[in-house]
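Next, two complexes with chain A in common: one pairs it with chain B, the other with chain C.
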Partner chain A sequence: MEALGNLMMGFGEVLTPFNIAIIFAAGLIGTVVGALPGLGPSAGIALMLPLTFGMNEASGLCLLTGVYMGTMYGGRITAILINAPGDAPAIITALEGYPMMKQGRGAMALGISAVASFIGGLFGLGVLIFLAPIIASYAIFLGPPEYFLLMAVGLATVMLLAGDSMLKAFFVTCLGVLVSSFGSDYVSGQIRFAYVPELIEGIDFVAIIIGLYGLGEVLYNLEKKVKLELGKPRFSVKEFVPGRAELGEAAAPTMRGSVLGTIIGIVPGAGATVATFLDYALEKRLSKRPEKFGTGEISGLAGPEATNNAAVPGSLIPLITLGIPGSGGTAIMLGALIMFGLRPGPLLMQTSGDIVWAMIAGLVLANFFLLLSNVLLIPVFVNLLRTIQNNLANVVIALCVVGAFSLSYSAFNIWIMLIFGVVGYLFKKNDYPTGPFILAVVLAPLAENYFRQSVMLGQGSAAIFVERPISLTILVLMILIVAGSVFGRLRARKLREMRNPEE
Partner chain B sequence: MRASELVLIATIAVFAAVLCYQSLEFRYFSAQGFGPGFVPMNFAVATLVLGLLILLKSRGKAPDDDEDPSAVGDRVRAALPAIGAAALLFVATYLMHFGSVLAPLYAVMIVISITMLGHSLIRALILNAITLAAVFAIFNLWLNIPVT
Partner chain C sequence: MKLTALTRTLGIAGLGIAALAGPLAAQDFPERPLEFVAGYGPGGGHDTMLRTMARLIEEQGLIDVPINVVNKEGGSSAVAMGYLNAREGDPHYLMSITSSHIATPLTSNIGLDYSDFTPIARLGIDPELLVVNAASGYERLEQLMEAEDTLNVGGTATGSIEHIVTMQLAKATDLSLNFIPFQGDGEVVTALLSNQIDFAITNPGPVADYLDSDQFRALAISTEERIDNLPDVPTFTEQGVDITISLFRGLTAAPDIPDEAREALTELVTTLFETEAWQEEYIEPNAVVPLVITGDEFADYLGNTEEVYRETLGELDMLSQ
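Up next is the complex of A and B:
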């Protein structure tokens, strides 16, 4: 009840015409920025930071959190419409959303993802409001062994993203790990494979995903002479508002995704990317038709979308209660909180409770605005795609090149994007799965650091992973996932052989 | 096995072999635990082994229709738009080092429009100018990202 009283106090602070206008604008700006390849939550918040200089704390933080939430909504738009994910969590959205778009159900994919995002965001906010301090107090018990095993669980989902050939999946996973090993090694301080100074910080994975998915798809479509037949721009509510059947199919995955996204979002460092991959793997495992995944399955779209947005409030929990930023976006939020004279940590709720609760109330409001604006904007985005469909290849190329340039304001990331564009094209042409590759690129550096820190903590012994109860639990979970996947594959093969004995 | 798959595996194998060799410069293990050479060395070796396994597995498999060696000319012709677009983009990116990102990009877009998308010269000039004007407005004027 105290939490509700505090939330009402927060609404009292936020519900002024100026703040409402700011939250609405922040959501829209975040949606557009999130939709642009190369620009994710970190870039969105960083770009808006100068605008908050003249504002009071509550208004400034509402603007920044509104942009943060908006980018999570926006990341899915280009992922669904042109297979160019705006940020890493939207990769999974592209896996199911883009096939739906090719089937002429792009507007429906946007509608379902908007609703799932809203529910995920609302669930995460509920947890943030009622359980933040309790959950955060447990998060501090996680150390490098637990973080490593959490990353390893994420990597174990490679088995579920593998597609037809496990060998190819492992091959691209190893390649992903190698690509991620460039740059500074944060454990020893040494720099690996920095052939040019730009590689000291490693290869930017956003440039990789822009190339792999955006440019790779364009090159493949140019070869296959794929032409979109989306018809002329039109407006039809039925096209993008999910019906009872679609909502029924999306309901359970959305709820599961909301829970998983919030929990993983709370764990610092794990973030929305790990959460979406894990949720996708979970949905595929639970699905009655896992073979349909990758061809436009609603459950594979709704679950990860809810996860993605639930992770935003989740990642704010350790930030607010412990002062630990769980992601790039929350790291910039930490800077913003300090800039406003606040001290994120266990005492923040006591010393600046009014501002924090105003920010949370602003997030609740932003989530409602974002559902409304995103559903209303679907016809705009879809009709924009219909308008440019004859020149889509060039539009995507322009967005990929400029998006890669915007990562460091230099041509270096354009080279990276081009190289991985060609790799993406060859992957697609030869049926190599991209999911395991990108999962390895994102998770391997974290997993490597935590693994080596854990072994150092264990004074050279790996027994540390089984001596701690939480790490042992995660280890058992990982073994179950791997064993379940192997068993499932063997069973499917046996069934296939029984049906076609001559194979 | 298709030629494009062979190119992919060979390129990745060379990449892995180079990293494997260079990871010898880093410490693999110390008294405290694993060093910076541990991950690249092991995964480079794993990449090479897996690449070899894929090659061996494909040798034991009957070739698909699209792996027919006599049709290699047709397949290369079909892949020309993708190869051409990628080559144009590499050249354009090189030219971007002279200062402008959008000018070389505009030239590439016009060539792709005319040769691969079947647009007329006037249409290609106008459509791509509008596209880049929108990109410039969003990135440069609104977001202050110095794209010129």
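Up next is the complex of A and C:
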């Protein structure tokens, strides 16, 4: 096969001692950057850019993509250990990973998520290697109407993240929509609620999650005097390397997550964060015990982790085949490609195929390194946490402050983080779910913009949603699902009534 | 994530500071390291432009003090403008500017505008192209102008320069145009590739490959004369439509700096702009048209640009006052 031959050629380029060392180091650096709250893939790639000056193209790109991949592994570490997601795609990881941590299964959560990340990444790479050009040529036919419907499906998952009180979930969703509406709106050109210049670009989403999860958790724990269950300082391999039982439980969600993550990663503009929310909703829907979600359910951990790692190669597909960046991280990669003198666009694979294949080979290698280092380092992570456990609150607060500062190198985001820390604390204390809030913050602006673009494309008519075949298909599916679940409930009620006629 | 700002400016990166090592070194400028201020984050267009500049200036030995690049991101460049404004009279700061330097003060009340600063140089422009999908069959602007239906036009953000070109085009012809704002060049290219829009207004960079491979066709360019990179693309003007507005990339310094320092900064950057390294490592990869202007000429240019923005944004009801 041509793709395999190209890949081998890429490996030939990459397998030099210098490049192997670079990829290994990039993975580790990415892991650490990803683990730090506030620093995500965009920051990681940007920080490494100056180091690539003077390297040849292949080494430089391996360094950058290795860091990108590494941040996806790293984001989950702080999410699981201290409930402070290192970056946005790791928010969902915290929902199941942190409860496992509190039950003393933190090391296992790290192990499972590392394996799920690996499989997700590998699957995405497989698709990238063999199917990239074909997929990219179809993906462009998705336009604003399809995206809007996709976002609507995403918003519907509020129901699944709601917890006990639908009313509370509704309230936080509205609050999320309000928070997301700050800043300039590129569709209307108007600027909303920009009381200070820093707000012209809106409230930084990452500052929100650092506050809501990281600081909010600290405040809550201080009050409750929560003590983490860290187990013994010495680990047996069984405690962090998933055994047959765990792998069995994680296998199907991991595969589903891999597929979903790759697909959504490819769609320009959607990105890994949205993908993890959709996957979590999917897993909860398919689970035989959805009531256990939020208490450390392995399927809810493995699926989204596979998703966010599969989204990385996924998002590289439109970048290298069409020159279209689908996420913040790939937008910076686009800049890097230009800096290396490559010309991203449909001709990239023909004009600079050798370099691109070397980069892909580097990614495959990085994924193996990352699995190895992330599993082997689990005892280190957990013991590191143990040594600082008595000062954990201070350390987490310091990380949150530094993380928020690093977003734009200004004190402004520290204030945002503090405000949302208090909000997070109040949410938690009064049992308001954070999931729907975050979901609304992420999806509401996307849904809003895509909806308006759709209607504009239809020149004022909403008929565009039923005129386009893909959009129509999604609509019909949505109606079928809603009808199906309403019908199912009615039937269940009828059955109950038939069994207990006196009630 | 601000894809628009990122992709748009990706590339605006390196201005050079040359020539200060000469007679001026004996005077009191530069007496300490220079600071290049990027109004957007690391990896973005402003940032990479300034870092390329800083690196080339040092490699070419154009100045004997170090150069630091700092990112003062936020507020569509308003944060960086505030930062530079606070350095009044100090010539050791140089900020990269593009259309947001004009547009942001108009759309939000930040108490500053371009005229508060000391314009140094425009290093080049990004022209706007009118691009159609080759499958559409349009080969000349004339044919497009005969369309009777309302046409869908793609570009980035309402009030952007693409939007301004669209409005000017609608005014100059009988066309009924429906501008659809997308988030970033990538989405615009996608929409044109899949025929969701009838044509796009865009910079050459994002569509260069598609033009080379004949998937897209450029029907007009917004420069006064045809450019070397795209000699076959006629200007709007030669087709009877008076549109000459482009995105600029430039540099400005703190308010009220001494005249000698202003001259020194201007000489530094213009010397860099003439080097081969600058052409190879910045101008060519970023498809910038290197029309350099400096000093009062640049200040006048900024003034004219602001007028165009003020008029258009006023029509769109986007002005802050």
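The working rule: the second predicted complex is superposed on the first by the 472 of 503 C-alpha atoms of A that agree within 3 Å, B and C clash if a C-alpha of one lies under 4 Å from a C-alpha of the other, contacts with A are read in each partner's own complex, and residues count from 1 in each chain.
Keep this in mind: a contact is a pair of C-beta atoms (placed from the backbone, for glycine too) under 8 Å apart; a residue touches a chain by one contact, two chains touch by 3 or more.
Note that this is a predicted model, so its numbers are computed, not measured.
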- chain A superposed: clash or fit between chain B and chain C? fit
- Pick one for A:Ala331: touches chain B only (first), chain C only (second), both, or neither. second
- Message: Contact-wise, after the overlay, does A:Leu372 reach chain B, chain C, both or neither (first, second, both, neither)?
- Response: neither
- Considering only the touch criterion stated at the top, classify A:Ile470 as touching first (chain B), second (chain C), both, or neither. neither
- Pick one for A:Gly345: touches chain B only (first), chain C only (second), both, or neither. second
- Look at A:Gly323 in the shared chain and tell me whether it touches chain B only, chain C only, both, or neither; answer first, second, both or neither. second
- Item | Which of chain B and chain C A:Ser42 touches, first, second, both or neither | second
- Message: Contact-wise, after the overlay, does A:Met55 reach chain B, chain C, both or neither (first, second, both, neither)?
- Response: neither
- Task: Have a look at where A:Gly143 lands relative to chain B and chain C in the superposition and call it first, second, both or neither.
- Result: second
- Item | chain A-centred angle between chain C and chain B, computed on Cα centres after superposition, in steps of 10 ° | 90
- Now for A:Tyr409: first (chain B), second (chain C), both, or neither, which partner does it touch? both
- Message: Quick check on the superposed model: minimum Cα to Cα separation from chain B to chain C, whole Å please.
- Response: 8
- Message: On chain A, which stretch or stretches are contacted by chain B in one complex as well as by chain C in the other?
- Response: 47, 187-188, 190, 409, 456, 459
- Item | Sites on chain A touched by chain C in the complex | 42-43, 45-47, 49-50, 53, 140-141, 143-144, 184, 186-191, 194, 197-201, 268-269, 318, 322-328, 331-332, 334-336, 338-339, 341, 343-348, 408-410, 412, 449, 453, 456-457, 459
- Message: Touching residues of chain C toward chain A in the complex: what are they?
- Response: 1-4, 6-7, 10-11, 41-45, 47-48, 51-52, 55, 70-76, 78-79, 82, 104, 107-108, 110, 150, 152, 156-159, 163, 178, 180-184, 186-187, 189-191, 193-194, 196-197, 206, 208-210, 212-213, 215, 285-286, 313, 316, 318, 320
- Within the complex, which stretch of chain A touches chain B? 32-33, 36, 39, 47, 167-168, 170-171, 174-175, 177-178, 181, 185, 187-188, 190, 192-193, 215, 218-220, 222-223, 225, 388, 390-391, 393-395, 397-399, 401-402, 405-406, 409, 411, 414-415, 418, 421-423, 425-427, 429-430, 432, 444, 448, 451-452, 455-456, 458-460
- Message: Applying the document's contact rule, which stretches of chain B touch chain A when the two form their complex?
- Response: 2, 4-5, 7-8, 12, 15-16, 19, 22-23, 26-27, 31-36, 38-40, 43-44, 46-47, 50-51, 53-54, 57, 78-79, 81-82, 85-86, 89-90, 93, 96-97, 101-102, 105, 108-109, 112-113, 116-117, 119, 127-128, 131-132, 135, 138-139, 143-147
